[in-house]
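As structure tokens, here come the structures.
Below, chain A partners chain B and then partners chain C, in two separate complexes.
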Partner chain A sequence: MSRAAPILTVLLAIVVIWYLAAIGMNAQWAQDQAARAGTELSTQALIADTMTQDRPVLPTPHQVAVGLWDGLAGQAITSKRSLVWHGWVTLAATLAGFGIGSAAGILLAIGIVHDRAMDQSVMPWAVASQTVPILAIAPMVIVVFASAGVTGLLPKAIISAWLSFFPVLVGMVKGLRTPDAMQLDLMRSWSASRAQIFWRLRLPSAMPYLFASLKVAIAASLVGAIVGELPAGATSGLGARLLSGSYYGQTIQIWSALFTAAALAAILVAAVALVERITLRRMGLAR
Partner chain B sequence: MTNAVPILALWLGTWGLNAWLARFDTRATRFLVALIFGLTMLILWEMIVRLYDVPSVILPAPSQIADSIADHPRLLWGDFVQTILKGALSGWIMGAGAAVIVAILIDRSPFLQRGLLPVGNFVAALPIVGIAPILVMWFGFDWQSKAAVVVVMVFFPVLVNMIAGLADTNALQRDQMATWSAGYWQSLLKLRLPAAMPFLFNGLKITTTLALIGAIVAEFFGSPTHGMGFRISTAVGQLDLPLVWAEIVVAAIAGSLFYGIVALVERRVTFWHPSRRT
Partner chain C sequence: MDLTINRGEFVSFIGPSGCGKTTFLRAIAALETPTGGSLTVNGMTPDQARRARAYGYVFQAPGLYPWRTIAGNIALPLEIMGFSKADRRERVERVLGLVELDGFGGKYPWQLSGGMQQRASIARALAFDADILLMDEPFGALDEIVRDRLNEALLDLWAKTGKTIGFVTHSIPEAVYLSTRIVVMSPRPGRITDVIESTLPRERPLDIRDTPEFIAIAHRVREGLRAGHADEA
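For the complex of A and B:
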């Protein structure tokens, strides 16, 4: 209880501020409408109006909640208006990209740890590439693939893979290097082969690092999939919902898509954290 | 098939050179190895595009990209000013500044700290770029809306790091300040702010890339007729891929410079930290 109380207070404060902001920001439109109709609005009517507009500047929390509920549960999940369907489109690209990207990152990290030339060639560039806003090339990737006749899941998955690749690579290299000289010497005194050192010592000690970077990577690949859906032409996925909402001024649609994306991110990170807990406990590494 | 021979030869040749150089393992050879690898990649790229006649719509050669940069210096500079300086940098400064101030205010109340830290951690992991369309609607198409997106993206990572940093003093250090009868402000200025600096700079370094991403992606939702995100999306539409890549090169250089400058300031500010001692 003592841990939940402060968090609930903060969340409550956010909701209150949100309502006040919604009243403040939507009041202009309500007053304009009233002036056009030649009527005066009482304060009470004004507040009531700011909360029930069709296209408010800032939808109130309950409007977003209704939009979310309608999108998640109010439609058949195959419908184009269903957020479940759009979320699934985004999720599929995210997971495919996350799988490709983290597998590639782990493999390259294994190569880097075992080969000095590879380490010195690739690592500086891998680290430097972290400072480059890779996401900016997302639309280009989509269009290039479309002009080559490839559309749908794959181009988005490639953006996701690219974004999740570097965190995993950097984290895994760090993890595979954690065994210190004493542990390595011990393995050698048992005349362990390189493969044995890898499977029995390096890989297990890299696990905590791997999971820490997997959590970063899965959040990044979701962002990659969403941004990959932004370029014109995409009609499905949460990113396309955001874009069409912004074209047609459907603010409630934007906010519900946004909350779906947030929930998806939270679920994905929590899923990785769960696998992490189980794995580390089985390995006896959990604290 | 004959096309593949020079490509493979170059790859194997430089790889052999690198494998030989890597055995020395000094500062100079490390730098050289990385440089040779980077150059090899560029040359291979150029060779593949030329030998296999890859259309520039799919992948322009590095030389075409360089030509495009040389052809449009004023255009690229204008986009750079609009997106990086006006959008990303101003937003980054505002967001980070606000986060530092809020962190210092929150720090006085353990209750708020316990409430805001989990919420901040949660928000920092969310796909915040998604609010770009909303903020573009509120603040218009010009750089103000881009700066607003950057503010929101930068705020939470910096806040979380700054709160953790302000908490990073031990009882011994605080007792020492108390025996000198230092007040709240004195111990804040002389002990806790300096102690928080490594954490703060950690947050600042993470957010340099986020700031550029936020500013560029926000332009996909609406922008004036200049700016890097605008240029990328319109040049892609005209299939002028060399110009797109030119923008990406500018973005990459800007990102590395931005990060480098922050890292340089960090070295100056946190010279006392164990990780800086040699």
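For the complex of A and C:
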């Protein structure tokens, strides 16, 4: 209870601020409507109205909750209005992008650590790739793939991988370089090959770094997948829900999709953290 | 400098920081390339000797892998060198016995004290039966009580295995207590100021350090170290 109290206090504060903001932001529209109808709104009626609009500037927490519930549980999961279905579409692209991105990051890191030329040439390009706004890249990737006849999951996964390879690359370069001079000298004194040094010393040493960067990468993958859905004609996925919501002023729909994405990110990061705990404990690195 | 180390000797290198004693040991191990002169290890170049697994090297820190058990750590060089699984197990058991760590093979490094970890690292250097054991201040990070105990154990180990041992240290009593020969070095430029043949018997209980003979040798080492500094002061 003593640990739950501060968390609940913060949560309660956020909800209260949210309600106050909703009343303030939605009041203008309510008053415009009343003025147009030639009526005068009492304070009580005004507050009630700000909480029940169809397209509020800022929906109240309970409206979002209802929208979320309806999207998650109120629809058949094959329905185009189901957040489960849209979430699944995004999740598939996220996981594919995470796989591609992590593999690319790990392979590039291995190259950088073992090859002088790669060490000096790859990193500037990797950094440059991350300074280009992903929103500018995404449509080009979609268009290029579409012209080759590839649509759907793969182009989204590529955009997702674009964001997720970088943290893995940086973490793995650092991790593969953690063994100190003495440990490398020991290996040398045994005339160990590079492959033996990699599998027996560098890779195990890098595991804590790998998992730390995988947690960042999987969240970035989700962002990439959602961004990849925006220019794709917006038919499926959480990104599509966000886009169509903004087209039609369906703010409740936008917020519901946002919360679904946030929950999805939390679940994915927690899943990586679980694998991390099991792996490191089995390796004897966590106790 | 000109020096020949015979098979089965226990040679200590002592001198202030920067005199090149560690560099010399690393050159023997082919971890460092000498800028000049000739150096042969068992009649080979240091690099050939390294490939022929002529030596085991013990550093100041144990350098055990936290993700491997003690037995797994000792088996590491054996895996790299391609020993069979049964052979590995038999060797690990044997060297664990040599450093008196029987029964600790299944423990992880963090479950052992600093002294025990260093003994495990010595076991690792012994596991593949190299003729030469090179030790670079192996007990430098340990407290004096543990150090005494390990010095005694090392002499015992040396008597049992008959290895040639090259030992770098900062400590005069440690060098005198362990060695059959003490090489005193001085810095800038690194050179040998004195080579002392120990007159102490091979059998050395810890209280040998209170005998006049021991004190005389320690005195000579100290003189040698001072001579190396004389032209600086």
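Note that the second predicted complex is superposed on the first by the 273 of 287 C-alpha atoms of A that agree within 3 Å, B and C clash if a C-alpha of one lies under 4 Å from a C-alpha of the other, contacts with A are read in each partner's own complex, and residues count from 1 in each chain.
Rule of thumb we're sticking to: contacts are C-beta pairs under 8 Å (C-beta built on N, C-alpha and C of every residue); 3 or more make two chains touch, one makes a residue touch a chain.
A quick note: this is a predicted structure, and the numbers were derived from the prediction, not measured.
Undergrad: Is the arrangement of chain B and chain C around the shared chain A a clash or a fit after superposition?
TA: fit
Undergrad: Under the stated touch criterion, which partner chain does A:L20 make contact with: chain B (first), chain C (second), both, or neither?
TA: A:L20 contacts neither chain B nor chain C.
Undergrad: In the overlaid three-chain picture, which partner chain does A:G284 touch, first (chain B) or second (chain C), both, or neither?
TA: After superposing on A, A:G284 lies in contact with chain C but is clear of chain B.
Undergrad: Using the touch definition from the top, say if A:A45 reaches chain B (first), chain C (second), both or neither.
TA: Once the two structures are laid over each other on A, A:A45 reaches no partner at all.
Undergrad: Is A:V275 touching the first partner chain B, the second partner chain C, both, or neither of them?
TA: neither
Undergrad: Would you sort A:Q196 into first (chain B), second (chain C), both or neither based on which partner it touches?
TA: In the superposition, A:Q196 touches chain C alone.
Undergrad: Please indicate which partner A:V150 is in contact with in the superposed arrangement: first for chain B, second for chain C, both, or neither.
TA: After superposing on A, A:V150 lies clear of both chain B and chain C.
Undergrad: Could you look at A:L186 and tell me whether it touches chain B, chain C, both or neither (first, second, both, neither)?
TA: The answer is second: A:L186 touches chain C but not chain B.
Undergrad: Just to confirm the value: shortest Cα separation between chain B and chain C in the superposed three-chain model, in whole Å.
TA: Between chain B and chain C, the shortest C-alpha distance works out to 17 Å.
Undergrad: For chain A, give the residues common to its interface with chain B and its interface with chain C.
TA: Touching chain B in the first complex and chain C in the second, no residue of chain A appears in both lists.
Undergrad: Show me the residue ranges of chain B that touch chain A in the complex, using the header's touch definition.
TA: Counting only chain B, the residues touching chain A are 15, 18-19, 21-23, 25, 29-30, 33-34, 36-38, 57-59, 111-116, 118-119, 122, 125-127, 129-134, 136-138, 208-209, 212-213, 216-217, 220-222, 228-229, 232-233, 236-237, 239, 241, 244, 247-248, 251-252, 255-256, 258-260.
Undergrad: Please output the residues of chain C touching chain A within their complex, sorted ascending.
TA: Within the complex, chain C contacts chain A at residues 26, 29, 31, 50-51, 53, 55-57, 59, 61, 63, 65-69, 76-77, 79-81, 108, 110, 128.
Undergrad: Sort out for me which residues of chain A touch chain B in the complex.
TA: Contacts found on chain A: 3, 5-11, 14, 25, 57, 116-117, 119-125, 128, 130-133, 135-137, 139-140, 143-144, 147-148, 215, 219, 222-223, 226-227, 230-232, 238, 242-243, 245-246, 249, 251, 254-255, 257-258, 261-262, 265-266, 269.
Undergrad: Touching residues of chain A toward chain C in the complex: what are they?
TA: Chain A reaches chain C through residues 182-183, 185-192, 196, 200-201, 204, 207, 283-285, 287.
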